[in-house]
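In the part that follows, the structures are each spelled out as structure tokens.
Heads up, the next two complexes both have chain A, just with different partners, chain B and then chain C.
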Partner chain A sequence: MMRNRNILRLCSAVLAAVSLAGAPAFARDTVKIAFIGPLTGGNSATGLGGRNSASLAVDLHNANPASKYTYELVPFDDECKPNVGVQVATKAASDKSIIAGITHYCSAVAIATVDTYNRFGLPVVVWGAVLPEITYGNDYPEIHRVNGTMINEGKMAAEFLTKQGFKTFVVIHDTTDYGKGQNKYFAENLKPQGGDILATFAVPPDQQDFTAELTKVKELKPDVVFIGGLTPLGVRVRSQMDRLGIPAQLAGVSGIMSAGFLDGAGAAAEGTISFHNGAPLTRYAGGKAFMDAYAKAGYREDPDAYGPFAFSAANLIMDAIDKVGPDRKKVRAQLNGTKGYQALVGEINFDDHRQNIVSANVYVAQDGKWVYWPDSAYAAGAKKLPGK
Partner chain B sequence: MDPGLLAQYLFNGLMLGTIYAIVAVGFSLFFGVLDVIKFSHGDVVAVGAFSAFGAAGLTAALVALPGPLALAVGLVAALGAGAVSGVVIGRVLVLPLKNAPAVNVLLATLMAGTVLREAIRLAVPNGGNPKPFPALLPDGVLAAGSFSVGIDSVIILVGGLAVVLATHLVITRTRLGLAIRAVAQDDEVAQLAGVNFTKTVLGTFALGSMLAGLAGLMLGLYYREINFNMGILLGIIGFACAVVGGLGSLIGPILGGFLFAGIQTLATVVLPFTSAYKDVVAFAVIIALIGLFPTGLIAEKSSERV
Partner chain C sequence: METAQLTGTRPAEVVRTQGLHRLLVAAIVALLFAGGGFLLHSEAQGEVIALLAAFVAIFVFAERLSAGRRAIALCRAHPGTVNLAAAVSVLAIAAVLREEHYTLLMMATVALFATAAAGLTLQMAFAGVPNFAGAGFFAIGAYVPAVLGGTGIPHLVVLLIAGCAAALLGLAILLPVLRTRGHYAALVTIAFGLLLRSFLEVNDVLGGPQGMKVPAFSLFGLSFARITEIGPYDVSFYLPYALAGCALFALAFFVVRRLETSFVGLAFDAVRSDEVAASVFGLSIARWKATAFLIGNAMIGVAGALYGMMNGFVNPNSANFGDSLIMLSILVLGGFGNLWGAVVASVVILVIPEKLQAIQEYRLVIFALLVIAILRFRPSGLMPRATRDLSALAMGGQR
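For the complex of A and B:
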């Protein structure tokens, strides 16, 4: 019931936005909310997609006559750099006219700014960073997160792979916090599922030759080689596995789930499994309406993987402000108690660390594309995973 | 251990060793003729790899070439780019500094390497990201029991060993080789005997840098991926191999290359802890060897250094 009403609201809002575009707003007070993400640099595709999605949420909300305030999105660029991130976070948090923020894609930036938000009392909702410590490593009531963490990814990976009948694993992870974290949460969750890790290789993220490690892997004959790292590591391991004739299944964290992996590994990518926080847009109840509205708004960049999370975070914040008024403390309390909130990305429930409970999704590389596992030919039984 | 796996490790080590040796030989050649360390050598490897990548990509976009022809285009591009960058660096940076302290040349070429590296990063579209290198060699895997190698790896290994041999023949059997050896022994006497000093030096730089360009192509073909900063670590490893083997000699650096690759492979196989330390182990052994054999495993015959 609740969900239907929200979809209806989204649809009517889309209609309203289209028909009323440019119409003067009613005499409502203006409330500012901040958006912070990487708008320039190597991660700007995700950052701009997030900003566009948040800005779309604001436009749709403003077009809705039931909205109590007129919202204004103030975008900041953190450049995916912790030092820049702290500067802009301080700028946003010390501006008293900004009531809340939709903040950060890069984990290193998000973890560096939590103290700032706490000190200035600015309630924020993280829309893309996956490092668990951002919410679980502190007790700051200002920090919330709508997307999942690598804990969810590791858990899903362990459950899914063991359910597929794979029993023995070798982990190759990079030695950054990202790779180490991914290894930790995968290993932790694998044991209770009955999986067995035969060996773990910690490698520098820029290592190019894996033949020595992989020859050892060949000796161990695992069912699965699990990658805890980013695309370059995934590509190298995948193509060198082929050369050494290792028949194992390759699976990896969301760091390898990119077009770059499919290009780089070429035909060898087929059948690789990865895990990601977000579901495909078509899987969300309001996904179609979101895509249509996004297309109509004419943004130059795609919403990218985390756009729907930024959109949901913006709506969550605006609904909270509508309810309790533009007061940081009240908004914080309202956000803290979020339970059963229907958003584009599904129901949002914050646990006692204000972390949304999300289960990750499984994807598989099929015919040069990342396909949602339940929709894939592999799940249907038409194709067999290489490791089987 | 299973003999198949042992063979696998051996092959991996040989493959790495060949690439290291080819890079190390370049360092040794430059040091032989001019007593200089050319630190941009590793980045010339990247220049070679990216030239082959660009040439193969461009021709593939214009006409569909069969595999061997596309490979030839890549090979010519890699060798050409290597030779040109070697001659330019030699002519513009190294020769004018011939009488300056050796550390000046070292610094100048170190910076030239940075220029090359950044030029690749900025000039190539999305140059900061790793690039998938086209598979120009025949696909397929040779397997016997638990031993398996790609046919492309075998071709690369055989080609690499042939190049090492060919370099040896150039140095020992040709007029250029004779001139290089003459200049290496005593450049003044060589000039009195009618050897063109500048030409010989630039010829050596062209030869050594062509080897680097070729190593770039081989790396691209082997790993199917190239990177703008692939030359940094390779340059250091190549230099270390040349020093431990004996700077100035030809066999020494080859020996050093295989030695370094052998230690790396052995470290991964034997050490119980993670392979993250294999470079640490290999460089530690190199340091120990340099301490034991200060002039290298094979010392330059006519060493006049003190």
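For the complex of A and C:
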């Protein structure tokens, strides 16, 4: 009994603290915008990074005396589950006081919720999901996206690798929508560039042993082994390639571009190429200022790969509201027409499906770090890629 | 003379007290539902906490105070009144909240998960057949309208087909489930869930890993998604779903209760409690287990079909093991074998984490603590199933 009551007291204390923290400081009108992402579960690192970045954007904007309104970020957790996503999307979208949303990292959730936003007329800006169909699958004027899609990544990968003189490729991708999509867009773009795919292996994301596939690869002698999957797959393929003595260059989509890959594959990671639609923060004009402000705000989690996109999406929305007032329809029209908007992640230009036009960037693993290709010793010619 | 007077007055008095009791029961049920409806709708943290505290107090004190015990006994004595009052309360809540999209969505979700829990109750709590693939059968149900929704087959029939499809696919593992017992049978169903998910993921006809869009439910040509007003009132398009979900649960409730009180329920109980003894008395273990497993899966499938049509989307990820465990926890938390318990537990499991959105990443911690606390203080669930009382029969009288 006693303990029961204490738990309740603890809950109410926590809740009270949280609700107090959001109190507005000025006499300006308060405008609410939603943030939706995975705050719990396996993808929470990215979700929390995005949440912190968006909340930082709101705090900075509120501190600016030129801001017309006081903004309040209302965060929701979609748990990276489509059905929970639809629930929170309905909750946010049917709340008339919420004017716009910064929504979703998980593609499966983002594609499941587009109908909801369209039906309720809530303009949203996707900050992290890469599935092309989210913007291109329908023509919903409510859905915008600041980050690039797999199409950009696949195109960049095909162009860059063929330009490096690689001719023959083997693709190993996982059977999730992510891996399948990456395979599709890489293969589509490779053909016009004159590259040749010798074989494609579709594997379950949790397959441990690749001896069968790699023995075949060894016979085919491709220039490049291309990975369409996430870090665990990349680590296993990279280390098992070494064991079988396959000299090919390893390249992979953004899914393998993580510290986990470098730790897992160890020395074998050296020279691996990856593609990501963000450039390093230091490359952005406001990158240093963002990192300083983020550090000063004292968040416990890193902004992670998509934090800058959530930050940019939040600023894009708040500037639109400042300009046309807190009205969903006007904000939607304002967002639709975004051209040449200066954001942290570079210039934002929406195409006819409200998809930001971004090109992917090339990274290479060098001395245990992911290095932006133009800055690397490989580009400078001091080092040679293993596949050459 | 006196005895004549007594016998003369007694029936009238009995009728009067009976009527009073019924009124009291109806009032209790209406009050509980009003509280539940308020919890579903309220967004103010203070109100949510106060309501939760009130519910905790009810469950703690109901069995410790004599008034509480009397109220429970009264409710048990008048199940018909309870059900009628519940139905009226639900309709009243739906009428009051007719424009609240989100609340109605949660109401429909609770009703549909409670319907699925009714199917699981039949399997696990009555016949003792473990089913750790509840979400799998739920997803099968949702895939059926995704495939058949646009073919012009009336959607009511599609719901029935969804139930049959879930039951049929369940047939695939019926034999191993019947041949094994306890943990081994549980493992078979877990394996089925994993198998189903991989199958859906690699199957491009069924949309592959991305899943499929599901058309909105339409009844006699009237699409639920397009309903925005009924008569002079503006309503949310989730209102018909909430009502249909509740109707489906009412149907499942009726079926399960009828089975439970009939000889079928007795057979289920006998098979579950002691297979050897049951077969000695001439009961076919395989037949009763198969009956429960198939009917249960059909119920889960129908609920899943309506859920898929409401959300408009289904993908293989919805057949994951975690969601099956969520369904099981609804059963365990509510009290094995009690359908009203399943409703209360659905609210706890589905609605409370949503109400805690304000505390963001910590919400699942608080939620988990709440669940552990409930099971610590009520180890047999919030509303355990009443023990079958056949003493009246044993004494030779009627009940």
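The rule we apply is simple: the second predicted complex is superposed on the first by the 362 of 388 C-alpha atoms of A that agree within 3 Å, B and C clash if a C-alpha of one lies under 4 Å from a C-alpha of the other, contacts with A are read in each partner's own complex, and residues count from 1 in each chain.
We adopt the following convention: a contact is a pair of C-beta atoms (placed from the backbone, for glycine too) under 8 Å apart; a residue touches a chain by one contact, two chains touch by 3 or more.
What you see is a predicted model; the values in this text were computed from it and never measured.
Visitor: By the touch definition at the top of the document, which applies to A:P232: first (chain B), second (chain C), both, or neither?
Guide: Touch status of A:P232: first partner only.
Visitor: If we overlay the two complexes on their shared chain A, which of chain B and chain C does A:K81 touch? Say first, second, both or neither.
Guide: After superposition on chain A, A:K81 lies in contact with chain C alone.
Visitor: Just to be sure I read the superposition right, which of the two partners does A:A377 touch: chain B = first, chain C = second, or both, or neither?
Guide: The answer is neither, since A:A377 touches no partner chain.
Visitor: In the superposed arrangement, does chain B or chain C reach more residues of chain A?
Guide: Counting contacted residues of chain A, the larger count belongs to C.
Visitor: Figure out whether A:A112 sits in contact with chain B (first) or chain C (second), or with both, or with neither.
Guide: Touch status of A:A112: second partner only.
Visitor: Once chain A of both complexes is superposed, is A:A259 in touch with chain B (first), chain C (second), both, or neither?
Guide: Touch partners of A:A259: none, neither chain B nor chain C.
Visitor: Looking at A:T175 after the superposition, I want to know if it touches chain B, chain C, both of them or none. Which is it: first, second, both, neither?
Guide: both
Visitor: For A:I357, decide between first (touching chain B), second (touching chain C), both and neither.
Guide: A:I357 sits against neither chain B nor chain C.
Visitor: Touching chain B and also chain C: which chain A residues?
Guide: 175, 204
Visitor: What does chain A use to touch chain C in their complex?
Guide: For chain A paired with chain C, touching residues are 1, 3-4, 7-8, 11-12, 14-16, 18-19, 39-40, 44, 48, 51, 75-77, 81-83, 86-88, 90-91, 93-95, 108, 111-112, 115, 120, 131, 133, 175-177, 180, 204.
Visitor: Which residues of chain B touch chain A in the complex?
Guide: On the chain B side, the touching residues are 1-2, 5, 8-9, 12, 15-16, 128-130, 132, 135, 141, 143, 146, 148-150, 153, 219, 223-225, 227, 229-230, 264-265, 268-269, 274-276, 278.
Visitor: Inside the complex, what are the residues of chain C that reach chain A?
Guide: Interface residues on chain C, with respect to chain A: 45, 49, 52-53, 56, 60, 100-102, 105-106, 109, 198, 201-202, 208-211, 236, 238, 311-313, 315, 317-318, 354, 357-364, 366, 369-370, 373, 377.
Visitor: Can you list the chain A residues touching chain B in their complex?
Guide: 42, 175, 200-204, 206, 208-209, 211-213, 215-216, 218-219, 232, 235-236, 239-240, 242-245, 260, 263-264, 266
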